[in-house]
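Shared chain: chain A. Partners: chain B in the first complex, chain C in the second.
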Partner chain A sequence: MANMLALIHNETLKVWKKKRFAVIVLILMILIPVFVYAQMKISQSTTEKFHSDWRSELQSRITDNTNALSSDRIPEEWKKWRRALVQQLQYYLDHDINPQTPNAVTFTRTFMDNSVTLFIPLMVLAIASDLVSSERSTGTIKMLLTRPVRRWRILMSKLVTLTLYVSLIVITTALLCYLVSGLVFGYGGWGEPVFVGFQVQGADVNTNGVHAVTQGVYLLMQSGLIWVSAMVVSIIALMISVLVRSTAASFVTMMATIIAGTILANMASSWKSAKYLFNVNLDISSYLRGTPPPIEGMTLGFSLAILAIWGAAALIVSFTVFTKQDILN
Partner chain B sequence: MNSSSWLWRILGWTALICLLVLLTGFGWALKDTWFPNVGQTLPEKSAPETATGGDWSGKKELFVTSIGDSLTKGTGDATGEGYVTRVVDSLAKQMDKPVHLVNNLAVNGLKAHELATELGQVGYRNAIGKADIVLMTIGGNDLFQIAQDGGSLIEGGDLSPELLLEQLPETEPRLETVFRKVRELNPTARIIYVGLYNAFYDLPEMRPASEVVAKWNDFAYGLAKADGNATVVPTYDLFEFSINRYLSSDHFHPNADGYARISDRIVQALQ
Partner chain C sequence: MNSTAKEREIVLSVQGLQKSIGRKPIIHKVSFDVYAGEIFGFLGPNGSGKTTTIRMLVDLIKPTAGKIIVCGEDIGTHPERALAHIGCIVENPEMYTFMTGWENLEHFARMQSGITRTRITEVVDIVGLDQRINDKVKTYSLGMRQRLGIAQALLGNPKLLILDEPTNGLDPKGIKELREFIRNLAESGMSLFISSHLLSEIQLMCDRVAIIAHGDVIAVGEVDELVSQAGTYTIWQADRPEAAREMFKDQPDVQLIADEQHQIDEGLLNTLHEPIITIMDESRITDWVNRLVAAGIGLHSVQRVAPSLEELFLKLTEGEKIG
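After this line comes the complex of A and B, so read on.
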């Protein structure tokens, strides 16, 4: 066990010294202010238009979406999505709850929701993609494998390191987002109520199970779900990194898969079996929000099961290949 | 101890704590999804908005709310303004005080009975309750039922003056309900009902439909008179001789110039 800990220690510091995490923090520090500024501009103009009357702003959103529903040019799937949105917004209005109170927690929650399918995976890949392949391209893999340590232990230590960094990345993203946006929107908002438990059933939203949680709890649950999806991405990236020699190739492969997933999620509703692909199931925090899933019949349980199967398969492949493969060059 | 050992300790522990936090969050999310509890209690609802009423000249600002169908929405106007924004703008100019549009709640294709249902919604209650002026158009979709599908309108479809006349007794009580409900929501606001016009005046076989439209407008005017603080702004005469100049390409809704003419009339009526 001490042996294992030493390996993890070694791996963690290797990633740190390669300044991967520093790059991620740097990217966040540049991007978050950009989004905060954009959001500030948007909310300024809406406050001006609606004289800080959130009720009429909300009603206006409902009316706009209802109007979009009457257009024949909008595909049926989008209508379903909008219909659910209208019913949710109406639920907020009926209960006199502002769904978008202007504060740092709301901003963080929205930012995290929007980053789960692309931004978080991208940052995770910055670390996961070259965990093994970089050892091979620089030749250090030979040093590693000639030590009196079993090969699976080496890969295991890399996996544990990856888990630690993924956790660090998710929390850092949320934290930086909160700290930066708080400068503009104020640091309050932890206790504001958010409704969860909307259930989309065909064209209707079932509100029987709807209950309110505080935004703080929502953020915690959401981060937990985002972490799971980021972990699956990183485990699959680890597998690619074991299989492919070049870091660039493994990064590009993963990125293409992730992007394909977001595109598929937008258009695959008629291709039902696409729901068994992992990259369509990454947006699991959307189940908290209660937005209709990309493909009929997907639920939180379903998506988690799919992600678990893909993750497990990737682990099996990684470990089998890594312990068996010959190192030539 | 050297620096790398310190780094490892800080890094390791921080990451471990993050991991535990996230696992808690994940567990919580599962529990909340599959075994939800009642959840926190909600804060007390705030009182609905109410209009201040009273004389307009004494007020610092005026509030306008508009409800109804595609005409109020501004469908057909390439500038996207419709008559509502134009009325608000020119009213502000002429009265020399800020006039605010609380909300334009119009929905394309809305019918009178649907509007009556919508008037029960919280959003409508607030927006109308706050207003000094309520602008509305409704009934066009009830009478001209095929108004939904744009393109085929030009041929007139299965539309006939006789059919319109048949719709009339059914639709009139609905308009009455709408007037009554708006008044319930706001006892002091001035209600402006924009009358209907015959968009098919240029089709000889649809020319008699103007009579039906006139009957409808007459009925609306009766409701407005009974109300006391409402009026009907006529539009039936605006487009008859130059339909193509003032109607948009869907041959049903006005274009930008058409809406400008409607808004001029409303502003005149309000002064």
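After this line comes the complex of A and C, so read on.
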């Protein structure tokens, strides 16, 4: 086992020395302040508009959405979603909870929710995409594979390294988000209640299972789900990286797949079998919020199962190809 | 020497190696043995299957058929045990350019048990890279990368060192140093497997050689023996070339060679004025010089020229057809 630790040490060191993680932190340090500023502007303008009365804001959103329901021009799928939203907003209003209170934790939660489909995968790909293909394109794979170590152990060490970095990316994103936004919004908000357990059943939001958890717990649950989806993205990227020699090609392939996924999900498509694609199932933290799924019949359990199947298949392909493949150039 | 070599320990044994890519056979049947402490040359033109064979020796390519045994370990079934005895550089010595030389060596040292810090310092000293070892590899020249590659290959004290075209891109001084270096390693008991497409290089460096062409090993043996098989030319330059040519004609111990019958390097022939190309035994030269001088023919030069690789191939493949 000491051997395996040494291999993981090697792989972690190489990613670190390539300054990939440093670039990710740099990007976060630039982007987060931008979003914090935007969020600040939004809350300022809403406060002005409603004279800091969030109840009337909530009420007006409910009215807006209810009005939209009676319009004929809005398709049925959209109406479903709006009906669910209205019920949810009504719930907040009835229980005297301001869903918009800006604080560092709320901001972090919102930021994480919005980054799960594109931003987090992008950062994960910066590391996953060239884990194997860079060794091939630079030729160092010849040195790596002619050492007295079984090939599967080498790939395993890369996989463990990838897991470490994915975890680090999710934690760092949440942490930096909290630290930076706290400067503006204050560091409180851990104990605020958030409602989870909304279940969308057809047109209705089933509120039977709804219960309050603190924002801290919510953030933990959310980060866990984001980690799962990021891991699946990175494992599939690792497979592409094994199959494709060029880092650029493997990065572009993955990015295109993920973007295609978000587009498909936004089409609220009537193409039902699209729900078996992994890239439509990446936004698993949305199940916590109770937003209706992109395609009917998708639940948290369903999405997790689909992601697990895709991840397992990618691992099988990666290990089979990597241990058998001829290194011809 | 051949018979004593056979009693020596076999470090690498290649038996009936074959490789097809898709349906196309690339390597037909390659077999040879490398003994302990010898410098074994692997000679073949580009595209003859040299690199494919080397890649099979170090488990980068899986053979379609055949066996590779390194110090008694089959590379097909226990690659990790077999590779522990091998140090290699396949084509260019590619290291991680974003790390220092030292970090690279540490990286590869971690992949094998029992390599201490002292050993790393040792190999750095052996290749003479101690001045620049803490610089990033991207600042290294090709020669320095070559040295770092060799240092990496030597880390695990291998029984067999495989170098693929090691003189590529080196200047003449570097080549000379490398040759001495390789000699020293062999004297310390290590076996070296060196591939090249240049006969002269193999002649200068190696004890024995396997010659590969079109995916087949066409000859294995002592380098000098193989070269003499192809015949060495004796080239004469005289003040009256016609008269000299007349005297060589129809003599039992001299064979006159017409222009289209040889493949001596054009560059060499162009520097000679009206050369007379012959094949004769070395022992007959003095006698012939005397006879020509006695006949009043002045001599400018007499020289012996080794056959080119192409010629050697031609001779060897001809022999195969007859056999």
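Here is the rule we use: the second predicted complex is superposed on the first by the 328 of 329 C-alpha atoms of A that agree within 3 Å, B and C clash if a C-alpha of one lies under 4 Å from a C-alpha of the other, contacts with A are read in each partner's own complex, and residues count from 1 in each chain.
The criterion applied here is as follows: a contact is a pair of C-beta atoms (placed from the backbone, for glycine too) under 8 Å apart; a residue touches a chain by one contact, two chains touch by 3 or more.
Since the structure is predicted, the reported quantities are computational estimates derived from the model, not experimental observations.
Colleague: Following the superposition defined at the top, how do chain B and chain C come out on chain A, clash or fit?
Modeller: Once chain A is superposed (C-alpha atoms), there is room for both chain B and chain C without a clash.
Colleague: Scan A:324 for contacts with chain B and chain C and give back first, second, both or neither.
Modeller: So A:324 only meets chain C here.
Colleague: Once the shared chain is lined up, is A:227 touching chain B (first), chain C (second), both, or neither of them?
Modeller: first
Colleague: Looking at A:213, would you say it contacts chain B, chain C, both, or neither? Reply first, second, both or neither.
Modeller: first
Colleague: Of the two partners chain B and chain C, indicate the one touching more residues belonging to chain A.
Modeller: B
Colleague: Return first, second, both or neither, reflecting whether A:262 touches chain B, chain C, both chains, or no partner chain.
Modeller: neither
Colleague: In the superposed arrangement, does A:137 touch chain B (first), chain C (second), both or neither?
Modeller: neither
Colleague: Which partner does A:46 contact after superposing on A: first (chain B), second (chain C), both, neither?
Modeller: neither
Colleague: Name the contact category of A:94: first (chain B only), second (chain C only), both, or neither.
Modeller: Only chain B; A:94 stays clear of chain C.
Colleague: Touching A:300 in the superposition: chain B (first), chain C (second), both, neither?
Modeller: The first partner, chain B, only.
Colleague: Please indicate which partner A:3 is in contact with in the superposed arrangement: first for chain B, second for chain C, both, or neither.
Modeller: So A:3 only meets chain C here.
Colleague: Please give the least Cα distance, whole angstrom, that chain B and chain C reach in the superposed model.
Modeller: 9
Colleague: Which chain A residues contact chain B in one complex and chain C in the other?
Modeller: The answer is residues 9, 13 of chain A.
Colleague: Sort out for me which residues of chain C touch chain A in the complex.
Modeller: 21, 55, 58-62, 79-84, 86, 88, 90-92, 94-99, 103, 107-108, 110-113, 152, 156
Colleague: Taking the touch rule as given, give the residues of chain B at its contact with chain A in the complex, in rising order.
Modeller: Contact set of chain B toward chain A: 4, 7-8, 11-12, 14-16, 18-19, 21-30, 32-34, 36-43, 45-46, 49, 73, 100, 102-109, 121-124, 126-127, 148-149.
Colleague: For the complex, give me every residue of chain A touching chain C.
Modeller: Its residues touching chain C are 2-3, 6-7, 9-10, 13-14, 17-18, 138-140, 142-150, 324, 326-328.
Colleague: Which positions of chain A touch chain B when the two form their complex?
Modeller: Chain A residues touching chain B: 8-9, 12-13, 16, 51, 53, 55-56, 58-60, 62-63, 66-67, 70-72, 90, 93-97, 163-165, 167-168, 170-171, 193, 196-197, 209, 211-214, 217, 220-225, 227-228, 287-288, 300-301.
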